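In the two assemblies presented below, chain A is common to both, partnered first by chain B and then by chain C.
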Partner chain A sequence: MITMIDLLLIFRILVFPGFTFILFLSLFCEWIDRKIEARFQNRVGPMVAGPGGILQPLADFIKLLTKEDIEPRDAKKLVFRFAPLAAFSIMVFAMCFLPIDGASILSYGSAIAQSGFNGDLIIVLVFATIANFLLFLAGWASANPYGTISSARVLTQFLGYDIPLYLIALTPAFIAGSLSIGIIASFPYIILAPWAFVLFMITMQAELEKGPFDVPHSESELVGGLETEYTGAKLAFLHLTRNVQVIFGSALVVTLFLGGPSGPVFFGLDWLFYTLWFVLKLVIVVAISSYIANVFARLRIDQVLTGNWKILLPAALLSLMLTIALVTWVYHPFGIGV
Partner chain B sequence: MLDADEKTGVTTITGLDLGTNIGVYYHIRTSKSFFTIKAEVPKENPRLKTLIDIHPGALFHELECADLMGAIFEGNELNGHFILSENWPNGVYPLRKDIDLSQVKLVPTPEHETNKSAEGREVKIIIGPQHPALLEPEKFSVTVDGETVTKVEPRIGYVHRGIEKSAESHTYLQDTYLVERVCGICNPCHAYTFVATVEKILKLEVPERARYLRVIALELNRLHSHLLVLGHAGLEIGYEAVFQYFWRDREPIMDLIELTSGNRVFGSLMTVGGIRRDINQEQIPKIKAVINDLQSKLPFYRKIYNDEPTLRLRMKDVGILSREDALKLSVVGPIARASGVDIDVRKDRPYEVYNDIPFKEIVYTDGDTWARMNVRMDEVEESLNILDYALNHLPAGPIRIEAPRTVPVGEAVCTIEAPRGELLYYVRSNGTDIPERVKIRTPTLANIPSFLKTAIGESIADVPSNFVSLDPCFSCTDR
Partner chain C sequence: MVNTKTWARVKSPWVLHFNSGACNGCDIEILALLTPKYDIERFGIKLEPSPRHADVLLATGCVTHQCADRLKRVYDQMPQPKFVVAIGACACSGSVFEGNYNVVGGVDKVVPVSAYIPGCPPRPEAIIDGVIKLLSVLSTPKKERPVQAHRVEPAIAEVKQNGKQ
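Take a look at the complex of A and B:
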């Protein structure tokens, strides 16, 4: 028996704020990213498809879907086909845990703080790691030296940067005293831990392989990186995975540090305003990330790794210690941020 | 001589067909002079001793002479082909006069090398002939151990068009436009050097105004070439904003080239006896406006190239070429000047009116990619000053004189400072309107050996930025 509640759940998963919404949100953020990049480079960016070129990412996606699909003879076929799709699905699934319209996709109608369960923060971080690993497999299976080297870089980079990412992601969790995304998302922790926000932005930049940490995509050395051998629909899904990764990273920043969907609600339309606030904050984070990517030259892989082990990891540990000290002696005794 | 003067270097080796003998002319550069040592070997047994043990910079020039003229340099034997295509038959030397090119039978092309694992943990990465980092086709097989480069093997000649051979069957007038096609970027330099060499044989005095106009054309060319590579280097290190900005500001320079020559790329300004197009009074303010605009933007660009931290991280201490190596490999142009070797043909052996124009010779001592780019950055400013000076001091008078179509028997060498370094032309005439031999030595051919040296031991990620700092031009290299 399909009940109303089941129908609503299906609607939430497939349409809003689930799959379809995430898809268009990621394409929208790609457009913003491209526009900002273009303005930084004294260009106009996409102009033709839709007002201000807003439909260009969608047009690119559809175009790629219609292109011929070629598989290299030596590629490991199963992994080659399966990895991009799996990475995409996992990223979308991870997005489902974030309270885009005030609640995670699986829990509806509840307040922000009750929308998650204790420990879902760890789950989404693990999903992000798995998706990266699948992207590594995608490049590795394509039997191309450029793809292989690029994959090796993806692996080295995300294994290194995952440690500081987890450590810094725990900062708001410590202050909130909970590992539930819903509880963390109900307060803007950037006020209580601004240093952690800065560190998290930098780590996210590296985790998302955006400039100046975009060594796996450095086209002057590696052609297309792990995408070199991909064509057609598979390439479209690799691109889409990257887009969803980018909005996932930015959404994580929004959730952990900027109070997620919290904000003033009018006319009782809480889902609409929550979504609006969330997307607005998301766009700001994407813009900051785009800014960082554009004002620096790309680092070298060894510089990226040195930066991780020698600078970011100690900084993350220090940040964690500072947070614990503040939480124990300042925040919690005075009831701040709980 | 090498011990007495550290700047002594073999600029190039010209192979000549002298009937029964092969002439091998060594063009030698010293700090004070420039001269040619002539050697002749019989065609049946064209053996010479190699120079590479005492001067490694002769390597490519000897190989080229061996490939095209069939001279054999003992100790530096050629395996396969250096510049000719793989399907060219062995033992057929195209620059010899007794070869009938219509009778040449091509051999089957050997199978192409692909990326593969070399022995053990090393991987061989083929950069080129088609690769996003290369704008022109040339192949470099880079062997890497993890991320470290252990070996670089070049294969040039993918755009060899036989221009030297072709020049031997066209008139001097046609050749002026033919040699212009050696390179898309530095085409006025090629045309100029060719006509200057011919004028040397003819002993022509070019009018003063034409000499100034030629300098203006050459400096506009240097400007656009330097701005091009400064932007392109940004692209190679993933700094696309730099790329877009430099290329935006290169565009007005291209417009000036169009304004003064009528064409954006191939101006075809140079001609034996002068220049083909005058700059009139209305054009001068337009040129000056562009110069002033660029001059006002330069401090910002210089700040980027001097101080930007990530750019420094990627360019500082990358591809260090020591002064000793720079001298030994006889590199030229900005690459030599970045390694502390103060050679600039405009200063050392001034041509046209560079004598009268005050400008600084830019020398850096770091020898790395950063220094090479900053040499160019500073030269952009010097070029703007030269242009400004030349426009202010442009004398009145004719822009060309009548030159005879036939050239008396003789030979001449001429070198100029092209944007990428010293460019050499050797022309030998035989009394007709067709040259006997035209030899072109382009700066990139002299600079590639330095890359083979500096890339070893560095990260594969540094290969593009190191390589682009040479400002390589393969269509020049291959001719």
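Take a look at the complex of A and C:
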């Protein structure tokens, strides 16, 4: 017996703000990223597919789905087939916990602050980590020297940025006094902890393998990186994983520091305006991330690692200490940001 | 459904560049396509590093006996549907190197070619024109296509024999 609530839940998971919405949002953000990159190189970027080339990522995706699927003889078939798909599904699952239209996908109709449960911030960060491991497996199983080197670099870089990422993500949680994404998302913590926002953006670049930290798929050294041997639908899903990872990272920044979907609501259409504010903030963060990626030159893998351990990790610890001191003696006694 | 498929394929041709013995003139012209002045990404064309990702093989230069095997292998590594565009006089026919002791001939002696762009080297405008013509032919139904391309049987077996002599 399927009730109305079940139908609503299925609609929320499959269409809005679930799978389909996330798919098109990630393609839209890829278009923005490509356009910004093109403008930085004094080009115009995609123009022909749709108005202003807005359908270009969709055309790429459909084309890749219809291409022949080749599996190298030496590849580990099981991992080779399932790693891209599993990475994609885990990234989409992680997106489901973020309050895109004012509530996480599984909790409809509640206020932003009640949309999460205590500890879902940790779950979401763990999902991002697992997706990175699956990408490593995808490259490792493809039995290609470039894929192997790229995978090794994914793991090496991961050793550097993951601890600072968790530490900095905890900063707004400390101020909010909760690990629930819903409670953190109801206040823009960039006002109370701007230094943590800057640090988080830098760490996010490393997590998304963008900007100065795009060592794992540096085109000039590693051909196609861990995607080198992938064709057809598997390549399409690897690209899509990368896109969803980008919007996931940006959505995490929006949720933790920019107040998530909160903003002025008109005409009582709260879900519409919440989505609008969320997407607007998301696009701004994607643009900033793209700006950083285009302005800075790529670092070497050893520079990334030493930079992360010698600069970013102490900075993250200092930021955490500063936050705890401020929370204990300034914010909470005066009732700010709770 | 078929229309969507064709639309996607025509709007997003990713190219791979292979030099099978050119003097580097045509290759510089291909790289010029990616520069701000010509910006071929307007048409969704991206230069891909791996043959596994590519739809169109941009082949430059006459095919030497050394390179014939490699050209065939790179072509075989590409997933279907795939097309080859021969860029420059040498790639079209072998040009002045035709009949040389170490040269097989044009690219079409080894792999089937869909479009020929002559010139020594062809201007970037000519390459864009050729690629767009190929794409517009692909977007029309098969029966209405103006010229049914004459497919030359790949002569790789013969090439291998000649190479051993």
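Definition applied: the second predicted complex is superposed on the first by the 338 of 338 C-alpha atoms of A that agree within 3 Å, B and C clash if a C-alpha of one lies under 4 Å from a C-alpha of the other, contacts with A are read in each partner's own complex, and residues count from 1 in each chain.
The working rule: a residue touches a chain if its C-beta (ideal position, glycine included) is under 8 Å from a C-beta of that chain, and two chains touch if they have at least 3 such contacts.
Computed from a predicted model, the values in this text were never measured in an experiment.
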item: First, second, both or neither for A:D69, with chain B first and chain C second; value: second
item: Contacts of A:K310 with chain B and chain C, given as first, second, both or neither; value: neither
item: First (chain B), second (chain C), both or neither touched by A:V48; value: second
item: Partner chain in contact with A:R39 - chain B first, chain C second, else both or neither; value: neither
item: Comparison of chain B and chain C by chain A residues contacted; value: C
item: Touched partner set for A:G232, first chain B, second chain C, both or neither; value: second
item: Contacts of A:K77 with chain B and chain C, given as first, second, both or neither; value: neither
item: Touched partner set for A:D60, first chain B, second chain C, both or neither; value: second
item: Intersection of the chain A residues that touch chain B with those that touch chain C; value: 41-43, 219, 223
item: Residue ranges of chain A touching chain C (in the complex, touch as defined); value: 34, 38, 41-49, 53, 55-56, 58-63, 66-70, 219, 223-224, 227-232, 235
item: Touching residues (chain side chain A, partner chain B) in the complex; value: 37, 40-43, 144-145, 149, 211-212, 214-215, 218-221, 223, 294-303
item: Chain B residues touching chain A - in the complex, by the definition given at the top; value: 115, 123, 125, 131-133, 147, 234-245, 248, 308-311, 313-314, 459-464
item: Contacting residues of chain C [partner chain A, same complex]; value: 4-5, 7-9, 11-12, 36, 39, 41-44, 48-50, 52-53, 55, 77, 79-81
